[in-house]
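If you scroll down you'll find the structure; I have some questions about it.
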Amino acid sequence: MNRLMVNIMFAFIWMFLQGNLHLFAFFEGFFLGFLFLFITRKSTEPTPYFTRFFKVIWFIFYFIKEIIVSNLKVAYDVATPGYFMKPAILAIPLDCKTDLEITLFANMITMTPGTWSIDVSDDRKTLYIHAMYVDDVDTFIKDLKNGLERKLLEVMR
Amino acid sequence: MFFAVLSGFIVACIVPLIFKLNRKVAGALLSILPLSLFIYYLQFIPNVLAGEKILTTFYWIPFLKINLNFLIDGLNLTFALIISGIGFVVYLYASAYLEKSEKIVPFYIYISIFMASMLGVVTCDNTLALFVFWELTSISSFLLIGFNHEQERSRYAALQSLLVTAGGGLALLAGVIMLGQITGTYEISQMSAFHSTIVSNVLYPSILVLFLIGTFTKSAQFPFHFWLPNAMEAPTPVSAYLHSATMVKAGVFLMIKFLPILGGTDLWMWLLGGFGGWTMLMASTMALKQTDLKRLLAYSTVSVLGTLTMLIGLGGEKAISAMIIYLFAHSLYKGALFLTAGIIDHETGTRDIRNISGLRKYLPVTTVIGVLAALSGMGIIPFIGFIGKEMLYEATLLSGEYSTLFITITVISAINIFAVMAYSGILPFFGEYKSPAEHVSEAPFQMTSGPIALALLGLVFGLFAGSTVDGLTNKALQSIFPSASHHLALFHGFNLPLLLSALTIAVGLLFVFKRNSLVEFIEKIRIPEFFFPSKWYDYAFNGTLSFAEIQTKFLQNGHLRYYIFTILALFILLVGGSFFGFNTSESILNAFAISIERSLAGIDIYDISMLITVLIASVFALISQGRLSAIASMGIVGALISLIYIIYGAPDLAMTQLSIETLSVILFVLVLYKLPRFFTYSKLKTRIRDLVIALAFGSIFTIIIIFVSAYGKFDSGLSEYFAQTSYLIGHGKNIVNVILVDFRGFDTMGEITVLAIAAVGVYSLLRLRKQGGEQ
Amino acid sequence: MNSILAMPVVFPLFTGIIMLFFWKHRQIQRIINFLGSTATLALAIYLTWYIKTSGIQCLYIGAWKAPFGIIFTADLLTMTMILVSGIIGFATSIYSLGTMDETREHFGYYPLLQIMIMGINGSFMTGDLFNMFVWFEVLLISSFSLVALGGERSQLEGAIKYVILNLLSSSLFVVGVGILYGITGGLNMADLARKIPMLPNQGIVNVMAMFFLISFGIKAAIFPLFFWLPASYHTPPAAVSAIFAGMLTKVGVYALFRVFTLIFVTNVAFTHTIIIIIAMLTMLSGVLGAASQMEFRRILSFHIISQIGYMILGLGLMTPLGIAGGVFYIFHHIIVKTNLFFVSGVVNELKGTYLLKKLGGVLKLYPLLGLLFLIPALSLGGVPPLSGFWAKYTVAVAAVEKGEYLALAVSLFVGLLTLFSMIKIWNEVFWKEQKAEFAAEQQALRQLPKFKIAMMFVPIILLAAITLFIGLNPEPFLDYANEAAQQLLNPSIYINAVLGGAQ
Amino acid sequence: MNLVLEIIAGILIVAGSIFIFLTAVGLVKMPDLYTRVSVTTKASTLGVGLVIVGTAVFFHDLAVYARSILIVIFVFMTSPVSSHMIGRAGYLDGASLWEKTKANHLEGQYDLKNKSLKNYYDKKED
Amino acid sequence: MSFLDICLYISLPLIILPVLISLFRLIVGPDIADRIVALDTMTSIGIAFMAAFGVFMRKTMALDVALILSLISFLGTVSFAYYLERRNLQ
Amino acid sequence: MEFVLAIIVGILATSAFYLMLRRSLVKVILGMVFLGNAVNLTIFSVARVTKGYAAFIPENASTLEGVYADPLPQALILTAIVIGFGTQAFAIALFRKAFQKVGDDDLDKMNSTDIMCNEDIPGDK
Amino acid sequence: MRSIILRTMTMYLLPLLLIFSVFLLFRGHNHPGGGFVGGLVASAAYSLYLLGFGIDKVRSIFRIQPIKVLAFGLFLAASSTVFPIFFGKPLMTGVWYEHKLPIVGSLGTPTVFDTGVYFTVLGVTLNIIFTLFEDKE
């Protein structure tokens, strides 16, 4: 996402906040966004935006589905006596390169119940996570990389 | 007259200047002040003799009825003349006596203040203004007694005299105030009109006692006499002036002045006669065994003061008449004797009468002074002292049913005084020469001229009493008893007083020549220390200090928790007490009923949950051993409170509460991350006690809230007004915000100032490192 | 417009803010601070004259009529306090130039001072109870910083007690205001005064009176709530101690005077009797505390407490003379006590200590200082004809008028002990010779720069002159105090001045 | 229309509440810190999410939609980060793992002195 | 009572009770991190409560507070984590 | 409603003072925080509470009518909260500094200004 | 703290929070919010940044001394109270500009006052937090 996109996003947020959808509010937001981006400036890598719009929408639905499924899974475990879980702390080799990619990936892992990111190694090549339902370590890692990470990177790149 | 009194104060201010100009003649130059005052007062004599009373009024503090009313009548003028006259002698004397002292400047400052105040005391008709001068004499006396303030002894004596006399002064003040309340006036000359009112008032005994505490302390009456001998730490001119001739007479003066106001009762007579008589007897006996010349004179002064007090107590024209003459004579001879003692001390370096004798060879002039003054003091014809003593005997004999008692002790005391005068004024000069100093020479002119004048006056006034002092003392007498008069003469015919005088001289001579065995005899009388009033002073002084220390250590014990505990206890006592004391149990129970009813109507599960949560979180905060847990529970309580705010329609509050709570947590975290766990410092018993008192406090809060909220606001006009005007005038729909920035914006101004200063304070507190060298 | 009434608050505020912009510019701050305090003093003098001639004045802040907005109200009591705060602020500003160390000046001493004065003046001026709480907090937080600024161990230990006990008092204060609002629906003091007698339930009024008595009592350092004062007042630099000693507790006393002459006057027999009892205990306890101390400033600190007792006694008597005496006492005491602390600071500069044990010989070294000590010291001890005597005397007469003979006895006895403590200082510091072992540590005042010496002595002389002036010419001051008392004892004057237009 | 919205909102809110309730139960029930962290994410995702959506549906107002979306965005931005921060801090603090934990790839990877974390797969290659 | 109200009468207790349950975890611990997790959970619960309560009262005001809470509580949690890390890493 | 609030205040006030009566300075400061909350809630409850109706003037009206929460106590509490925060921040900093100087948070080790009144205080100058 | 996740999110949260804080400030007169909460949110933003990146980084994006910020805030607030005096009105009387302005809404001395509050709170909080953070014994 380049700076302009972020800026426009701010303009929309401002509009929402104001609770009115006039062009004027958009410009206000744009102006303020520009101001704050300027204040907190740090370069972010440019990415084309519109081409990935539909991919993003699709990804969001995918992610929501993931959340619901894993939520139910954990909820079931909690609601029933005893434990079904087989927890483990795992190291996931990362294909994500940029800070944003890594962060998004890690956060998505965390947001799906049953898994959460513990830390990223200093060389940013490994993500350590805790998972509750690990039948087999290697399969689990492979599933995660092929599932969430791949789809995320498709959206991001 | 105002200026006459004031002049002393003005001169006091310029003393340093005068000494800066010319140190040599400064003392002499300053003596012009008392001299001119003396002359100034002298010129009133014709008027006074003509029966006039001269009154000048200066309205000082009308609000408090304090006026500077200076009145010249016979009595006042007599005193004013004594003060200024002897003042001149002392000023001159001191210029030589203290020539080499570096403290001569403060001396003249203090003594000028003293003289002015003393003149104020004796000429002022307004009791309150008089009191002002009265206390000033105490202060200047204090400063003068502490003249040699490097010495512990001097400081002790100075403090003692101040505490006794100023303390007495305060009692006097209390008496005067109460008197003022009864009479509605503070003018002495107007108060006597209220004599019967005062005497019959239920407060009369207290007033009298308070008044007498004031005068007795000043005039060194038993049991307050002890400060006077100790005051001999002062330089001799001071002793002569303050502690013999003038200041100590102030109490006596006031008692005469108040005789028409407070006197004439049995209580008056017994208090004054009793204490005066006892003081006279006791002090004269004590004087016999003194070896220090000045202490000896001091005790004799106390004795004379006792005599004077006794005479005032006896009342009556004769007694007062005798008192005036006796006082007058005493001022002359005692002043001279003190100054003699000063010369002896100055020249020989000692005041111990056992170490000196036969000084007449080297101190011829001083010898003359001493002998003349002593003879007057011994009451030898034809000195004025003789007349005084004759009158004293006469008055005592006439004192009614107890006259035998009074005359007995008077004669014994007179005998003692006779001996004491001889010890101090005659014996040092005669007999074999003995002195610790190698070279003894006569004192300079400034030191001898004054005393000799005083001593000679004693003779002159005795010889020519009828034509000199008679007029003025008559007027002095008449200022108390307007119709009374006396006739002074050396010889009144052969009568009982004369016989007693002869007896006095005879036994007195025996005492003089048998001093050693006499002292031995007196020494044998062992009185336990406990009975000495000076010990009482020490006990009271130390006792007060010990008590002060105990109470302070108890109250200010350094433990914050006890401070808080005390505050809580007082809160529970006063607030809780008044709540249950002023509200009927009916109204309280009614409030509970209303409150419970209202609550049950609108209660929800989250109310109860919140209650339970707060309870649990609070208890956890109390018992948790980890700091973080305690902070976490604090945070939870804060968050729950913000939930309450939301539930009850205060979103702004909730927002603020949440943000602040979070920030607080951050601050705590930043500060606490290095600290160890809590320790349990206190015992279980302490904790239970704390819990009980905290619970009591909490309950009071709860009850008050229930009570107040049940009955509701008296007037809800404010919130209605805000609801009406917030948008129309305040341009805002969030009423709370409009209150914050507009209706009550100044609160917010103060609030952000608090914040700003807190930030500055935190910054400065943590950054400022004086020792570390950082910054 | 009466906006000038707000200027005693606004002047120090802007002075403080401008100094914050010049953070760490020491010299500029010194100049601004001096100018600011001079202006505030001039303003205070003008305002006092203005109120004296034109009667009670109100400023309706934000043009909201009472009781809806906040108001500033100035009657003679207020002006007494504002005037004396102007004088003390001015004197302290000068004194600070001579005694304050550079480090503290670098770390915001002057802004803190100004904001504290702002808080003090605000507390006096406001006619709104909650607003008074806010000003209390302003002055408290600045005083917190001032007492701890420097970070010496003693300062910190003192500050802890000072801070916590005062916060406790503030909490009780604000709760009291809240409950009072819950009862009456008002915050404006005149409004409260009008409503409270009309309340159907008078029982709770007494409870609230006790609430405020305790809260203000802590601030005013009455018995047995004074602990914070002797624990902390002797720890900061002399200039800070001095202005604390003069002004801070007096804010509490002022609040007591205000509240117990205006609002809680429906059951005087109960409330004011308790005040009298507390007053007597305060006098005694404070003076005994002083008698037990051997440190210059701690003696003075305990004396603040005992003197507060006299002021409160005046209030408790609730007669014209009593109140007048109290008002006069406040005025006199602030001047005198500040000055004594100033003197103690000079002695410390001379000898490097406040301990009587180590001190001595100051009179020989600096006779002028001896005189400058004696004037306020004897005044404090109630020696006539200095200001303290008239103050004590007026209160004593009022006690007799009311038949409170015990109070009279206590007040006179305490007067004697006060004199004793002052003489103790005089004996130990000025008369006694300094012990050789301690003399070595001393640094002579003569070595200090002339400017410093001048800055130390000018305020002392100024305050001593005021003390003398009041002492020798108390009539106008007593008249003024009497007029103030008349206003206080006739709340209707105040209420009409505030609410007149709105009703 | 309103009734429909109310019913939808009611169902969503109840559903969210159930998830929240279960989260709390899980918080108590789970055996170690790591599983508790895992469990709690429910409250912040589905629990809060459903309730908020329910609220938005109920009010059916642009301003409320805006605020609801913002809340969801904020929650989704912050809550994973906080879980990560707490969990990591807990690990560094030495929170013990449930005894039945299958694997711990983190073991020995942290270097507390240099405050660094090694790559797990680097070690394997060595 | 409408359907929605019934739902809310079910859900509000369901949201509030977890506060108490989390409190149990907060008290029991055993580690500091466990307590922080409990705290974090409670803030999430708080957000939900505010939203649900807003519906219950038919007022949107509570949503504003929820917004603040969601932002601010994050800061609190991060600072607790900071506390824990500083403690262990120094 | 006020009844429940009153009990909550009672609990808070009790906890506050129990904490303030401890020897540990941190606990005392925590006690202050508790007390602050108790105080605010007291002000809130004595003025009578109303469930849910915040004092906002509706979009299309210019005055507020009917039942609403009294806005004034809210404004007062807001001010009190903020002021409380300022003083609390200062207290925390003071604690930190004192801890640095004394090396302990035991208040019994911080009473030299009361106890050793006639001696120099160690650690100064 | 050394965490990519935290740091990256902070990068995005910072401007978001700042914008949100201004939003709160200006709508406070009609809705919940106001200068105080606004200022707190703004300072929360920087505090977050501080926790993520450390004091030096935060100083590099917040270059003004916090004390100056709070002084500015106080000055703004105090000036807005004094301002009406020049119009012959009592201290702190609301003086309003007739027309609505972008971002700010209706402009009057009370809104300026609230802005002063905002800056004061920002300066205060940052000053306290920075100081405590930097205070190493």
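Here the chain labels run A, B, C, D, E, F and G in written order, and each chain numbers its own residues starting at 1.
By our rule, a residue touches a chain if its C-beta (ideal position, glycine included) is under 8 Å from a C-beta of that chain, and two chains touch if they have at least 3 such contacts.
Quick caveat, the model's predicted, so the values are computed rather than measured.
Novice: Enumerate, in label order, the chains that touch subunit A and subunit G alike.
Specialist: Touching subunit A and subunit G alike, sorted by label: D.
Novice: Under the touch criterion given at the top, what is the topological distance in steps from subunit C to subunit F?
Specialist: Steps on the shortest route: 1.
Novice: Could you find the chain whose CA centre sits the greatest distance from that of subunit C?
Specialist: Chain centre farthest from subunit C's centre: A.
Novice: Compared with subunit D, which chain's mean CA position is the farthest off?
Specialist: Centre of mass proxy via C-alpha means gives B as farthest from subunit D.
Novice: Between subunit E and subunit F, what's the gap in Å when you average each chain's C-alpha atoms?
Specialist: About 23 Å separates the centre of subunit E from that of subunit F.
Novice: In whole angstrom, how far does the Cα centroid of subunit A sit from the Cα centroid of subunit F?
Specialist: Going by mean C-alpha positions, subunit A sits 41 Å from subunit F.
Novice: In whole angstrom, how far does the Cα centroid of subunit A sit from the Cα centroid of subunit C?
Specialist: Each chain's C-alpha centroid was found; their separation is 62 Å.
Novice: Which residues of subunit C are in contact with two or more other chains?
Specialist: As it turns out, subunit C has residues touching two or more other chains at 13, 20, 61-62, 130, 134, 137, 141, 144-145, 148, 151-152, 160-161, 164, 168, 175, 179, 181-183, 187, 230-231, 293.
Novice: Identify all positions of subunit D at which a residue touches two or more other chains, and write them in rising order.
Specialist: 23, 25, 37, 44, 63, 67, 70, 77-81, 83-85, 87-88, 115-116, in rising order.
Novice: Send over the residues of subunit E in touch with two or more other chains.
Specialist: Only 12, 17, 19, 32, 36, 61, 64-65, 68, 71-75, 78-82, 85, 87 qualify.
Novice: Pairwise, which chains touch?
Specialist: A-D, A-G, B-C, B-E, B-F, B-G, C-F, C-G, D-E, D-G, E-F, E-G, F-G
Novice: Note which residues of subunit G are touching subunit D in the complex, please.
Specialist: It is residues 1-3, 5-6, 9, 12-13 of subunit G that touch subunit D.
Novice: Contact residues on subunit E for subunit B in the complex?
Specialist: 12-13, 16-17, 19-20, 23, 26-27, 29, 32, 35-36, 39, 42-43, 46, 49-50, 53, 61-62, 64-65, 68-69, 72-73, 75-76, 79-80, 82-83, 86-87, 90
Novice: Could you pull out which subunit B residues touch subunit E in their complex?
Specialist: 604-606, 609-610, 612-613, 616-617, 620, 626, 628-629, 632-633, 635-636, 639-640, 642-643, 646-647, 649, 651, 654-655, 658-659, 662, 665-666, 669-670, 672-674
Novice: How about subunit B: which of its residues touch subunit G in the complex?
Specialist: 651-652, 655-656, 659-660, 662-663, 666-667, 670-671, 729-734, 737-738, 740-742, 745-746, 748-749, 752-753, 755-756, 758-760, 762-763, 766-767
Novice: Mind pulling up the subunit B residues that touch subunit C in the complex?
Specialist: 60-64, 106, 128, 131-132, 135-136, 139, 142, 146, 149-150, 155, 158-159, 162-163, 166-167, 170-171, 173-174, 177-178, 180-181, 206, 544-545, 547-549, 551-553, 555-556, 558, 560, 563-564, 566-567, 570-571, 574-575, 577-579, 581-584, 587, 701, 704-705, 707-709, 711, 713-719, 721-722, 725, 742-747, 749-751, 753-754, 756-758, 760-761, 763-765, 767-770, 775
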